Amino acid sequence: MRNDPEIFAPEAFMRTNPFDDDKLREECGVFGIFNHTDAAAHSVLGLHALQHRGQEAAGIVTYDGARFHTHKAMGQVADNFNSQKIIESLPGISAVGHVRYSTTGETIMRNVQPLFAEIDSGGFAIAHNGNLTNAWTLRKRLIREGAIFQSTSDTEVIIHLVAMSKQRSLIDRLIDALKQVEGAYSLAVLTKDSLIAIRDPMGIRPLVLGRMPDGSHVVASETCALDIIAASFARQVEPGEILVIRADGTESLHPFPKEKARPCIFEHIYFSRPDSYLGGSSVYQVRKRIGVELAREFPVDADLVIPVPDSGTPAAIGFAQESGIPFELGIIRNHYVGRTFIEPSDQIRNLGVKLKHNANRWELAGKKVVLVDDSIVRGTTSIKIVDMVRSAGAAEVHMRIASPPTNNSCFYGVDTPERDKLLAARMDVAAMTKFIGADSLAFVSLDGLYRAVGEQGRNAASPQFCDACFTGDYPIQLTDHNGGDTPNQLSLLSERIAGR
Amino acid sequence: MRNDPEIFAPEAFMRTNPFDDDKLREECGVFGIFNHTDAAAHSVLGLHALQHRGQEAAGIVTYDGARFHTHKAMGQVADNFNSQKIIESLPGISAVGHVRYSTTGETIMRNVQPLFAEIDSGGFAIAHNGNLTNAWTLRKRLIREGAIFQSTSDTEVIIHLVAMSKQRSLIDRLIDALKQVEGAYSLAVLTKDSLIAIRDPMGIRPLVLGRMPDGSHVVASETCALDIIAASFARQVEPGEILVIRADGTESLHPFPKEKARPCIFEHIYFSRPDSYLGGSSVYQVRKRIGVELAREFPVDADLVIPVPDSGTPAAIGFAQESGIPFELGIIRNHYVGRTFIEPSDQIRNLGVKLKHNANRWELAGKKVVLVDDSIVRGTTSIKIVDMVRSAGAAEVHMRIASPPTNNSCFYGVDTPERDKLLAARMDVAAMTKFIGADSLAFVSLDGLYRAVGEQGRNAASPQFCDACFTGDYPIQLTDHNGGDTPNQLSLLSERIAGR
Amino acid sequence: MRNDPEIFAPEAFMRTNPFDDDKLREECGVFGIFNHTDAAAHSVLGLHALQHRGQEAAGIVTYDGARFHTHKAMGQVADNFNSQKIIESLPGISAVGHVRYSTTGETIMRNVQPLFAEIDSGGFAIAHNGNLTNAWTLRKRLIREGAIFQSTSDTEVIIHLVAMSKQRSLIDRLIDALKQVEGAYSLAVLTKDSLIAIRDPMGIRPLVLGRMPDGSHVVASETCALDIIAASFARQVEPGEILVIRADGTESLHPFPKEKARPCIFEHIYFSRPDSYLGGSSVYQVRKRIGVELAREFPVDADLVIPVPDSGTPAAIGFAQESGIPFELGIIRNHYVGRTFIEPSDQIRNLGVKLKHNANRWELAGKKVVLVDDSIVRGTTSIKIVDMVRSAGAAEVHMRIASPPTNNSCFYGVDTPERDKLLAARMDVAAMTKFIGADSLAFVSLDGLYRAVGEQGRNAASPQFCDACFTGDYPIQLTDHNGGDTPNQLSLLSERIAGR
Amino acid sequence: MRNDPEIFAPEAFMRTNPFDDDKLREECGVFGIFNHTDAAAHSVLGLHALQHRGQEAAGIVTYDGARFHTHKAMGQVADNFNSQKIIESLPGISAVGHVRYSTTGETIMRNVQPLFAEIDSGGFAIAHNGNLTNAWTLRKRLIREGAIFQSTSDTEVIIHLVAMSKQRSLIDRLIDALKQVEGAYSLAVLTKDSLIAIRDPMGIRPLVLGRMPDGSHVVASETCALDIIAASFARQVEPGEILVIRADGTESLHPFPKEKARPCIFEHIYFSRPDSYLGGSSVYQVRKRIGVELAREFPVDADLVIPVPDSGTPAAIGFAQESGIPFELGIIRNHYVGRTFIEPSDQIRNLGVKLKHNANRWELAGKKVVLVDDSIVRGTTSIKIVDMVRSAGAAEVHMRIASPPTNNSCFYGVDTPERDKLLAARMDVAAMTKFIGADSLAFVSLDGLYRAVGEQGRNAASPQFCDACFTGDYPIQLTDHNGGDTPNQLSLLSERIAGR
């Protein structure tokens, strides 16, 4: 799901973790559970395990056999779904939930998912991970047909398509609707009598099926959300599959034309949690293997291998094991970080304030260091990290990156800067090395990355993954982007609600 | 506008003003201003003057020439629109606003008006005073046609009818929509280039037009909202009129079949503020004349005339002037009352706690007292008041009521108890006298009331007002009520939002 | 009690009720109850009835037989003591409470009373109405002796004097302490085994004793706080009396040198509630009699007598009854007023915005009007009221004031402007008449006022009341004021606490 | 500093990080800066770097040349000192700050430091890390002498001793006061003209001096607070030193009788941040060396070395390097953890919910695992961790602990459970092994620990550190503990403040 940041002016703030601003960001995680007691409490735990996929808002919808109930909040799951009162306000034995990343503040409560709609065949709630690439085009058409949109979310297009479908059953309406949308979508849909898990034909974003000890079903973006509630991993939801889970069993539909799957390869590099199992591999082991590939492709004579915590750690361990250079904690992370921090004065800003990371100078002084990070986006973080390590006394700083150069934007559910802000789109590796101030810099090769994921290499004729951010090879057409139906052509409402 | 109280379970609370719970309640006030600087600030003031028409929530939508902006909040205007920051978040030279009474808490933020919709011809906002009597019937049909409702408000029916209309211009769509609805509606509608004031064909709820010193226009439910911003009273919006105010002038449309007007007579008795001018009369003077009629119809030998403050005061003054009995303050009102108060223990409850009113015992002791109140609804207040006055030492307590017995529910925008909770529907005046513990009790006659409003008496063949609450003579059919399309047949969403 | 407004910079705000800013303000109310179930809930009700004596903060301390408990809050009683949870956090069968007026916001939580101290002989809590005139002088001495002050309240001086006293029993320590203080104090003190009611030797501020139906005792600033909990009025606490209420009975001590009582006469004019009984008279009846005196002393040929609501109403009724001119509601008060409101733009400010009052123009047009108000302080309100009534069409406006000209500051617990801001200190009646724009203006005479209170007139040799605000005759010396020990010589702490 | 948890009933809550509840907890961190622009902003950053020493509340006091200013808040620094408005409310070029751990909620705002007192010689603020062992004994005496305590903090004893001292200068008063107290204290004191850093004669808790690039001084509990503001490490404040920093230079006083220093050894094991430099050693390197000692003392045949994140990581790296067994991330930490979480149902609780940690099962399955943790307190965490790792498929689980068995409570500023809750006080290692369900369990020896810190071993005749938690050898007498002057003999006030 997406909401366009141009529509609402985000309140300016400085994050405590400025380094994280220089990461690509997964925009959502989804969770669903069916026919199990404490559906809401389990959803809270499942969403908590998916918190890394979106920290700005969370929501849960339950169905109690007669009515739907929802609670939504800006902020993290653990801060907003932490009272018995809230859990009790979400009765029922089935639920869907959502965590979301976004750039704006209070103005966007209406965008927080799951979205709910009451249609002729009954109510339903929908949670979406991914992004539609023809949402504004469809939205314009739907408004002409009389639909009233309440949010700026692309996901709302789906519920209007469902509501206006001429089909009778909700399943047929959903199929009718999804055949009109383009883009990436992993969906968890809750109806009066079913939980429906859906993955787009290319399976861009992940979605897995799990089973509770009592045999009931859960769906989640990642397996780590199964672990936390002691569910076992059953299988992934297949690309193009509509999996309908009812009290009397499950039904697997494949209504879309068959396409070759192209799951997002960046999930392996950064988005998914290291303890998740994704597309047949342990995420942690894939990341370690990328470190191994890096050590083979771009060896370096050094005293220490230092991860940029925490996302560079598995690749750093792999690099250290392959190279025989000791793995050490040369950068210490401050775990106490709030959502925002003071806008510092120029004086303080020039100090290069280290709100989140500090160099462990007693370890680094006089050493030749290999720094391992997962990716370079704008490069602003890399400059600071290299400078910090050097200021702490390191003799040499060699940067190794566990992904190829990121030089294209994502349109399938990942928050990326404009292309011209991507460092790798602006300069070659030699220039980047100079820019970030390292003694050397290297990125794992595309084939090295594919090898780490278990392939022989990239099949250029028919790539096994979506790697558009590295290659510009977009597997799904970008209708809105190319057609110019941009959101700011609409006179949408900026809205403030003083709640309670 | 209405939202059905059965849908959302209101949190139980005890009001500080238990006596006020025994009043009929106007459900809304509307305000609009066009082509004037500081549109938002003027709307805040206008709504503040209309606060007595709805204290539970308030909202304002402005249009800045390019975008619409809104701020809505639960609670009173003065508590929620009191910062420069909020006013600045509402830029523009045109605005509509709304105050609303309702029974539930945070769950209903989506019901707070003005409602906004983006349709093919552009955005528009709507504020509604009144109640539609075929809303659920229309809602069911609209959902079948693919509309997705976001609120439980009857007013939302209007915006979907507009969105789905096959007409092209917004005015034509509005006319198309309103021809399908039944019930009471005084509307203020804001579009990109106009402010539209609309009153239903019978003119049940009031709506007036005012003029700012610079010639620009305002509309409001009552004239007191004109006074506060130094606007002059121009005229009332006529029953059945659609008044379109644009930058280049106003246009008055009358698209509905002509009907005899039947404005609500209870506005004169209780709802409107005494300093308002309503349907050609001063509200204060009408109320004093009701007191005069009461003194003539039901004189009493007494020492003091005591108003039940504050709504009984004008009629008490009229009664005192006509009878020659001194007017005195025998009941003192505590002005410091919060929204809710402690749920007292049985012990305290039995004390007959007087959170809002206290007898002025040094005045009442040993005296024969005429108590004047505006109406009796359930009678629970009257019992306590009579008991309090008697406990303070009054020798005799004679109750005089400035309205006929209220024995029918209102379906046109006033919050009334179920019919079987109305005291006058359950017993005759003799039984009521005994029930409330008074030495005598009398209600002004229906003709006396009509005389006070300036008529010769009630024209039974063709009544000049809607007086259904006294007579059961409902001028507009009650489609939902009689057809059984009750709201709880829908599986609506209970929703909680932890906003900020 | 007092806290010095110079110490903390109050956040600028505009009150909704600008007219009320032009009143003198009582600074506190106190309440105590001993040996009765639900002590906290009864205190909440008692303080609610005393809310007019201080709206800015409230606090209650209870004793449960082993520990003291307290809850304090900025804001009104009904908004802050309204949950069962709060009442349950205040267990015990004895309690003291306090309401307070002050000019500053969150910074002053430490000043909110009752104050508590743990001393050698046990804990005690103290609630104070009045103001000490040698507090800063004593404070300086106490700090030299090692006392650490936590507030800027004059009341804290008392607890340090008690703590440092060489006497053994708490009563003896209290007497020791109070013999050192000068000024006005009505105190309710809670100890482990007693409730103590104390009034300064001149009895400047009121304090009454009541009895619950079960025989237990309550004390309160006014009788209206007895009415709300069904307590009967026993007697006033005498000037100079220390009344100790214990489980086994009461004891009345008179340790101070006997002085002639000089209770505050302004309590009769404005501070006390009209339904209270004060110093042997009904407050309401005294106020009506002032109106009668005014009508006799300064009659006027007019069509209507109009009160400035609500404080002018009783005198207006008296004036109307004595003069035979009809009493009418010519100014309507908006009861929905929040604590603050928007800082309006110049344009709106110039409109003479009427946030709280509106002229009932349909009643006033063309009439000769007598306006009755209780007092004139700065005169800013009177200007606006006269202008509003005249703009509504009144032919003549004659102002009658139910007190003599207020031309001196109070130092005994009433918030008054600096002397040079008092209108009557700056000009004579003729100039004032012109200043406020009235056709005539008159104040009740000092003897007229004394007659209304039941005296033959003022005994100039030995006045029966403190009337320093009218006469400059201060019955208690002003040590701090004259000695220059002003608070801003201390480097006090400005403090913000982000509580929850 | 300490506040007694028995006095206030903490609201029950379940932390998101249940494992952390099974740690000893440092109770405070202090910071001070003198004669530098942006004193408040620098203090915010310094306290943020010390956040691991106390997450429950934070406070800063500044002095602007004329007045002191303070802001205090429950919660973390980054959540409460994050606005320009707050920074601006703290003007001045000198400041002291404090972070604090505590067990209770809103009731204890008065305990949040720095504490402030206005005494005869001027105001001063004090921030305290440590705990006094004769605080209640002194408190009782001070109350007898007339002191009024406002908090339950032991630190308040110091300010009353200062206030009541007969010495003239603040320094002499401080020395007079500190000669009377027993226990551990590292203090930062702010006066009108100086910043004073003080460490108790044994130097139990750390305190360091740093220098800003412009030569001005800072003091802090750890060097990591210097790094964040680009201050350089100058030296530690010596045990028994009173270091007075003034505009014209510093002065070092040593007024206490000379004693052998006994700094807390647990700072090296767990409390201090790994990037700090403590008592002449890198904390990270000491921890790694403990892992090396462990690998030598208690080797094990295994496939993987797994840290219990994050506190076990440095020792695990040391263990892996010494043993040659690969270091792997077998437990993944969820970084998104709020302060509290839902009280789960029994069903969910029995699942062994993993809110903070998850086993990386794809790495652990079938492997013999060495788990490295820093300490065992109650053992409740170890049981869960071992069970989680085993459930994820580990073939063998060998636990190695980077500290000796913890079998005595700390009375010098660390929050420890009652002695009988400490696992090592209840059973021997064999029983503990069985209790936690490990295949083997070993603790580093006391001499091994001393070797890691750089000694030859523990000097039993004159130990180099305070290691009372392992040995019961308390270097400072426990007057309160042994004398029975326990806090609950006082009738202290439970207090709730509803702020704003």
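All chains are identified by letter, namely A, B, C and D, in their written order; residue positions are counted from 1 within each chain.
The rule is simple: a contact is a pair of C-beta atoms (placed from the backbone, for glycine too) under 8 Å apart; a residue touches a chain by one contact, two chains touch by 3 or more.
From a predicted model like this one, the values you see are computed outputs, not experimental measurements.
Chemist: Could you tell me which chains are in contact with chain C and with chain D alike?
Modeler: Common neighbours, chain C/chain D: none found.
Chemist: Can you name the chains that touch chain A as well as chain B?
Modeler: Shared contacts of chain A and chain B: no chain.
Chemist: Which chain has its C-alpha centroid farthest away from the centroid of chain D?
Modeler: The most remote chain is B.
Chemist: Let me have the rounded angstrom distance from the C-alpha centre of chain A over to the C-alpha centre of chain D, please.
Modeler: 36
Chemist: With centres defined as the mean C-alpha position, give me the chain B-chain D separation in Å.
Modeler: Centre separation, chain B to chain D: 61 Å.
Chemist: Hunt down the residues of chain B that sit against at least two other chains at once, touch-wise.
Modeler: In chain B, the residues touching two or more other chains are 86.
Chemist: Using the touch rule from the top, collect the residues of chain B that touch chain C in their complex.
Modeler: By the definition above, chain B touches chain C via 16, 37-38, 41-42, 44-45, 48-49, 51-52, 55, 76-79, 81-84, 86-87, 224, 227-230, 273-275, 277, 282, 284-285, 310, 313-314, 317, 321, 326-329, 332, 334-345, 347-348, 351-355, 358-363.
Chemist: Where on chain B does chain A make contact in their complex?
Modeler: Chain B reaches chain A through residues 61, 66-75, 80, 86, 89, 105-106, 109, 112, 116-120, 122-123, 143-150, 159-160, 163-165, 192, 490-500.
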